[in-house]
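Dumping the structure here so I can ask a few things about it.
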Amino acid sequence: MIFSIVVTGAPYSSQAADSALRYCKSLLKLEHQIHRIFFYADGVHNASELAVPPQDETNIPSEWAQLAEQHKLDIVVCIAAAVRRGVLDENEAGRYEKSSHNLTLPFVLSGLGQLVEAGIVSDRVVTFGA
Amino acid sequence: MIFSIVVTGAPYSSQAADSALRYCKSLLKLEHQIHRIFFYADGVHNASELAVPPQDETNIPSEWAQLAEQHKLDIVVCIAAAVRRGVLDENEAGRYEKSSHNLTLPFVLSGLGQLVEAGIVSDRVVTFGA
Amino acid sequence: MTLHTINKTPTESSALNNCLASLSDGDALLLIENGVYAAMPGYAELFTRLPASIQCYLLGEDSSARGLNDLNPDFRSIDYDGFVELSCRYNKVVSWF
Amino acid sequence: MTLHTINKTPTESSALNNCLASLSDGDALLLIENGVYAAMPGYAELFTRLPASIQCYLLGEDSSARGLNDLNPDFRSIDYDGFVELSCRYNKVVSWF
Amino acid sequence: MSDTKKSFLIINRKAPYGCSAARDALDVALTISVFEQPLSLLFMDDAVLQLLPAQNPAGIGQKNLSANLAMLEMYDIDQLHVCSEALQQRGLRAEDIELNINLLDRSGIATLIKQHDQVLSF
Amino acid sequence: MSDTKKSFLIINRKAPYGCSAARDALDVALTISVFEQPLSLLFMDDAVLQLLPAQNPAGIGQKNLSANLAMLEMYDIDQLHVCSEALQQRGLRAEDIELNINLLDRSGIATLIKQHDQVLSF
């Protein structure tokens, strides 16, 4: 079955990000297809390259990145939500004349159309809310 | 009277940051002393240099920075809360081998002792919670 | 005597509920942000058992923002300067969120 | 038929309340994260008026995390694989948070 | 983009201005309409407070949500469903709302959820 | 640091694990004790759920909060006040809590707030 996942909570601030990660691992284990994981609202902080959790805790941004690389997942961050919250890729950093950027690869910034398209082509959309 | 302010909400995600900013402006107008503004939990995102709100909205991190410079305010971000949420100064970025940092100046990262000390020396501590 | 601020609606969190259960005579309530919705006439019964010694305020910027015109007359509207003045007049500020 | 997930306690938000008001016959409830506290025996009366056609589940990882041992027997404990299976078995998933 | 259609329901449950949920939902609604997918909006619980007229958030540095909601019809978003119980609990009447709304009781809400393919919550 | 003392009250209202409030409060409590200021903790509403024994959050990738709370006495943090109404509403008894706690009713909570100089909420 084709799934898409929406995450609206930041790591550590709410449990949503951790729950979504565990749910996605189960989806892959049970051989479902993940069309897209979409990070919206405070969920954009899941993509922060600068987050440094204590060593005995899960590094959620890097877990997402690893999972995405391993399984060729499309992990998309809402660009409008991200830019206002200070999560920028190289492109946006350039556009707004910021000297640095902090989006972890392979996360990509894109528009809300990616959420809607995911809803159209997926059998299930599951939201993990903050 | 000596005030200290605690902010635990991120800009845009909650109204707490905007309320705290307006309250601080009133404190200064009424000639009270602000001993410290302490940013804790999700409030650490108030210090993000990379946040780019739409042009017709308040840029809260830069408003804090301006207010602090103008009035020589001590604006302190809890270092533990900030590091796990991806808000780093140059020092911490170096420590964790990150290629960039995103703390707006004159915000400083420091420990929770700065919150407790503020509570000891201030007549009032007012928290703006998320 | 304590100034209690509440910034959540009566249903989105238990902040108001918890605050009302924790008041002492002579304390004051100040509704801010989403807290101002509690001053809608429809919620008036939440406040009927308050002792007369409890002063009730709301932040006018927040009630105007939300389109609240017809308000519970027990609440006096103040601005941020008024909020600061109350913070001085009472011995401490407790935030319920 | 819909799978409804709830991730808040009965008092920290109106999520559970809103969910219970929106069920159709044959739907299922799944308590996750802080939502699992609703399966404490002390909250059993919240669920007494549920139609028998509503299946009730909770995520075992979350109830163990929180030290909940003595649980409302109407709730069946599942793991993340079970959560995925329920997501397939029902036509859609609605999240209440 | 394929020709497939999915019907979307957006459930709004939060008051405006205190958090970003109301605006986040509105942005998603507008995007769904760009994709020309069937869309309904449901306002329940505190979200009925989004529908109050005469909002004026200039004093708190935010944009006027009610002005945006009033524009939804221009985007052919005309399925605005409102929980009648939520209005009543807040002492509001349908006449207080200056938008073209459809009142729903509990069973109406259950049916609405049943009728849509994808449900997004805010 | 001056010799001034201020008494602190930390009000806990949130359940553990779902958000960071419980841990944030604990970190502040430990810091206040380092500064050797008088400190009381109040657990009301969902925060009484922080006090349940046998928590095991390994399956959700978090640290055990109850283990940390059990260590508070070592830091001379022994003023743990608990709202009896909050326990009762959740079907809990004082005997279920394996910590040395002091039960308070509404007027006890009001008095506790009155007695402290600074109140921090979580």
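Order of writing sets the chain letters: A, B, C, D, E and F. Residues in each chain are counted from 1.
Throughout what follows, a residue touches a chain if its C-beta (ideal position, glycine included) is under 8 Å from a C-beta of that chain, and two chains touch if they have at least 3 such contacts.
Everything numeric here is computed off the predicted structure, so don't read it as measured data.
> Just to be sure I understand the contacts, which chains border both chain C and chain A?
Of all the chains present, those in contact with both chain A and chain C are B, D, E, F.
> Tell me which chain's centre, taken as the mean of its C-alpha atoms, is farthest from chain F.
Looking at centroid distances, E is the chain farthest away.
> Relative to chain B, which chain has the most distant C-alpha mean position?
Centroid comparison gives D as the farthest chain from chain B.
> Taking each chain's centre as the mean position of its Cα atoms, how many Å separate chain C from chain E?
Taking the mean C-alpha position of each chain, the two centres sit 28 Å apart.
> Cα centroid separation between chain C and chain F, in whole Å?
Distance between chain centres: 25 Å.
> Taking the mean of the CA coordinates per chain, how far is chain B from chain E in Å?
Computed from C-alpha means, the inter-chain centre distance equals 34 Å.
> Specify, in ascending order, the residues of chain E that touch 2 or more different other chains.
Answer for chain E, listing residues that touch two or more other chains: 17-18, 20, 45-46, 60, 62, 117-119, 121.
> At which residue positions does chain B touch at least two other chains?
12-13, 15, 19, 22, 41, 57, 125, 127, 129
> Can you list the chain C residues in contact with two or more other chains?
Within chain C, residues 7, 11-12, 14, 33-34, 61, 92-93, 95, 97 contact more than one other chain.
> For each chain, which other chains does it touch, given as pairs?
Pairs flagged as touching, ordered by label: A-B, A-D, A-E, A-F, B-C, B-E, B-F, C-D, C-E, C-F, D-E, D-F.
> How about chain B: which of its residues touch chain C in the complex?
Per the stated touch rule, the residues are 1, 3, 15-16, 19, 22-23, 25-27, 29-30, 32, 124-130.
> Which bits of chain C are touching chain B when the two form their complex?
5, 7, 32-34, 61, 80-81, 83-85, 87-88, 92-93, 95, 97
> Looking at the complex, which residues from chain B come into contact with chain F?
6, 8, 40-41, 80-81, 111-113, 115-117, 119-122, 125, 127, 129
> So in the complex, the part of chain A that touches chain B is made up of which residues?
Against chain B, chain A makes touches at 10-13, 41-42, 45, 48-54, 57, 61, 83-88, 92-93, 96, 98-102.
> Residues of chain D touching chain C in their complex?
11-14
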